[in-house]
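First chain A sits with chain B, and in the next complex the same chain sits with chain C.
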Partner chain A sequence: MQFTLKRKSEEASSEGVKSHFEAAIIGAGPAGLTAAIYLGRSKIDAVIFEKMVPGGYIVSTDWIENYPGFPDGISGEELGELFEKQSSKFGVRTENVEVTGVNFKARPMIVETMDGSYTASAIIVATGTKSKKLGVPGEEELIGKGISLCATCDAPFFEGEDIVVVGAGNSGIQESLYLSKFARSIRIIEFLDHPTAERILLDRIKEIGKIELLLSHRVTRFIGDDRLTQVEVEKRDFNQKRVLDVKGAFIYVGLVPNTGFLKGSIDMDKEGFIKTNQELKSSKEGVFAAGDVRITPLRQVATAIGDGALAAFKVRQYLEGR
Partner chain B sequence: MGFLKEEDKEYLRNEFKKNLKREVELLHFTDKNDNSDYLQSSKALLEELVELNDYLTLTVKDCSDKAELEAEGLLMCPSTKIKSSRKGFINFYGIPAGYEFSGFVEDIIDMGSDNLPLPDDVVLALSKIDEPIDIKVFITSACPYCVKAVRTAHLFSLANDNIKASMIDAYGFSDLAREHNVSSVPHIVVNDKVSFIGALPEKEFLSKIMESIE
Partner chain C sequence: MKVLVYTSSSCPYCKKVKNFLREHGVTFKEINLNFHRSAAKELKEKTGQTGVPVILAGNYKIIGFDENKLRRILKIK
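The block that comes next holds the complex of A and B.
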């Protein structure tokens, strides 16, 4: 049995109310926590805002094998904990609160939270992403009633049941492997005619007999009154529909950036991912973006970490150059 | 072997020393005849924890002691209630393992101090509630988001002791979880009437409570 202990940063526990900082980081995932390590070590007076738990999106995955330094792999929970432990050492204050708005025009800039406003001279947005939903009938009503977006949280409820996983990218396949410890059978539904996950993961699902890949299929409807009972799928091109009897559905079809709170104050693409240049500067002076939340070809821990370091370095240069 | 690493103990010793102002009792109901790892571990962990500060005490009672359970307003066993002279009903059905452990520690500190880390307007709205509210927060220990929902419920109880708030390990109490149709966590049930999923911000959580009153 494991007992996870989250620590308060040293600064946070010793200091009282404070509302201006040289730098503010929004989001304590791998990108934000790395930025906190670099800013803290540069003795820049910084704060990091996190609405949920430090560690970011990885804490909801069971196993990570492609982040260097852990040759045997590591659980997302443990890795998130280690990131946080390391970052809390260097004195950046953590505020466990959701950022609800910003004013990037004001100088210093303003960060609005559920607990009041803060000001900062430079800001790193590292708010990551959340799961994209499918947008098909029945989905909204049945989320939490058989449809889940977090396998590690909810897997035990599907012990011995038949389930589907939607999406055959890395996340979908990785989480299917985890879910196979609980479910009786898993059908992975993928719209494309091929899975996009890494080969090593695909080889593993072959070894586990109970996982079947349904390629060129899409989910058209979730069915159930109080509880999910069926998923309607359609074969691409043939327009053939059929209904699968299932108790659970886990959705891994892509990501939506957590940028609603920015309310269009910096340039983004049409999905809401932040535009940056190579130095991670956004369209507003003094505002940088790091990790999954920005337009980038790869969204992984390794890339988020690199972004966090670079963004912090650029913030330091920016503050020194003013 | 202990459950807490030496460095964690050191951290907790400091936190307790800095924050605790009054005695806090961990009232633990367990099945004394059950030697399962689950129950033994939870008791051992609590024993380790109370050793870290003189203000902390542990009382262990047996599940068969129905009258005691009832007197404490508890429905099920195993459970751990955090008590002090501060008002509030902060309870855990099942073991506060995994991510819940951090919330458990914060709850101990709140019970032993005057902390109430909630927005002022939420505290004001909560203080006006004059009827009994029961909040059940179903969790799994691997759920990273659940602790936030449990904490919010417990803080609400500190803000107004008409509110009783319990964490419930959905795996350990699977019948009750099934009865409430739980299949995603955190799953919160207010007065067995209003239910919702997710670690909502305090204000939205509050509005669900208001919904249960209306």
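The block that comes next holds the complex of A and C.
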């Protein structure tokens, strides 16, 4: 954890407030860490809150090949560490604590954490996303007992086993490639009649004989008492159900935003993604959103980086124009 | 109390547990399943778990990063 020696722009006035900052970034993924680099270099007194470890969702991504600057690819974990190393050079203070609530109506605004409250004149929400679950019977009970949302975390448990991966988007296919180093066989279950992953990834799974694509199918149930033993799947349109004997299931069916702590304090869509304008301003003055957490047509490291830079730039303009 | 922490290389909750234990001066032994692949099978048989982190502290088993449970069992204030 790094502590800045820079001046505090304003003293905390409210009782019980630990510190005041000109800007607060919530979330230390690619967008948040990029914003920290830009704010730090502008000598803006800022803090970044992270409840887990810096790097965000990418730290549990096996391999990233579409982020420029790494022609041979790089593991998500290593890329996250490099982002953190670079951002920590510029003096933004890191608080390794969970943000539990906000008050965007107060001025300065209030950020509540497990360790107390902070105030800030501008805020960037960059809390990213987490894996979406299927919401079918048996899922909740068997997570950690055969069902996993993180291949790079849990793959060693499935050495020599038959498993399924749900979802044939980029994440599902990329993580299937990683899982193929452990599992005996992999069936990828996709609801659509075609996979949506990049062609380069699809070509790779063809090269690995043990991966089979099961298109136009959806999972209807996970079965097992204390461990996953079977997955029930249904063929779309034909209503035909069958049961696959498996020991593991990895779920990659999309993302949900980490916006629960905002409790509806800014405009969001039905799923909880934050509405922003082109300048990444949210519906509340002084609050910006960057990266995967906002409504955006593409959620990639490259797009999050751009968002982080733009949000920090707009925060700087906002603070200067007050 | 002997503390064993089962981890894997890319698991963010594993890092969170290790950081927490180090911060509070708890000595522990780490078993990274990426480097000890047979340990995954043993752990699965012993605990029924197919996810990390798993922390074995004396006779207690803690699944995931559960700060309250860690504090209670390891007597961390």
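The criterion applied here is as follows: the second predicted complex is superposed on the first by the 304 of 322 C-alpha atoms of A that agree within 3 Å, B and C clash if a C-alpha of one lies under 4 Å from a C-alpha of the other, contacts with A are read in each partner's own complex, and residues count from 1 in each chain.
Criterion: a contact is a pair of C-beta atoms (placed from the backbone, for glycine too) under 8 Å apart; a residue touches a chain by one contact, two chains touch by 3 or more.
Computed from a predicted model, the values in this text were never measured in an experiment.
Note on chain A: of its two partners chain C and chain B, the one contacting more of its residues is B.
Looking at the shared chain after the overlay, A:S148 reaches both chain B and chain C.
Applying the stated contact rule after C-alpha superposition, one finds that A:D115 touches chain B and leaves chain C untouched.
Within the superposed three-chain model, A:G167 lies out of touch with both chain B and chain C [touch as defined at top]. Of the two partner chains, both chain B and chain C are touched by A:V59. Put simply, chain A uses residues 52-53, 55, 59-60, 62, 77, 143-146, 148, 150, 152-154, 156-158, 226-227, 248 to touch chain B in one complex and chain C in the other. Residue ranges on chain B touching chain A, taken from their complex, read 3-4, 8, 11-12, 15, 18, 37-38, 41, 45, 95, 97-99, 101-102, 105, 119, 140-148, 170-171, 177, 181-185, 187, 197-199, 201-203. Every residue of chain C that touches chain A in the complex is listed here, in rising order: 8-16, 19, 33-34, 37, 40-41, 43-44, 48-52, 63-64.
Those residues of chain A whose C-beta lies close enough to touch chain C in the complex are 52-53, 55, 59-62, 75-77, 96, 143-146, 148, 150, 152-159, 226-227, 248. Taken together, the chain A residues at the contact with chain B in this complex read 1-8, 13, 51-53, 55, 59-60, 62, 77, 80, 98, 114-115, 143-150, 152-154, 156-158, 226-227, 248.
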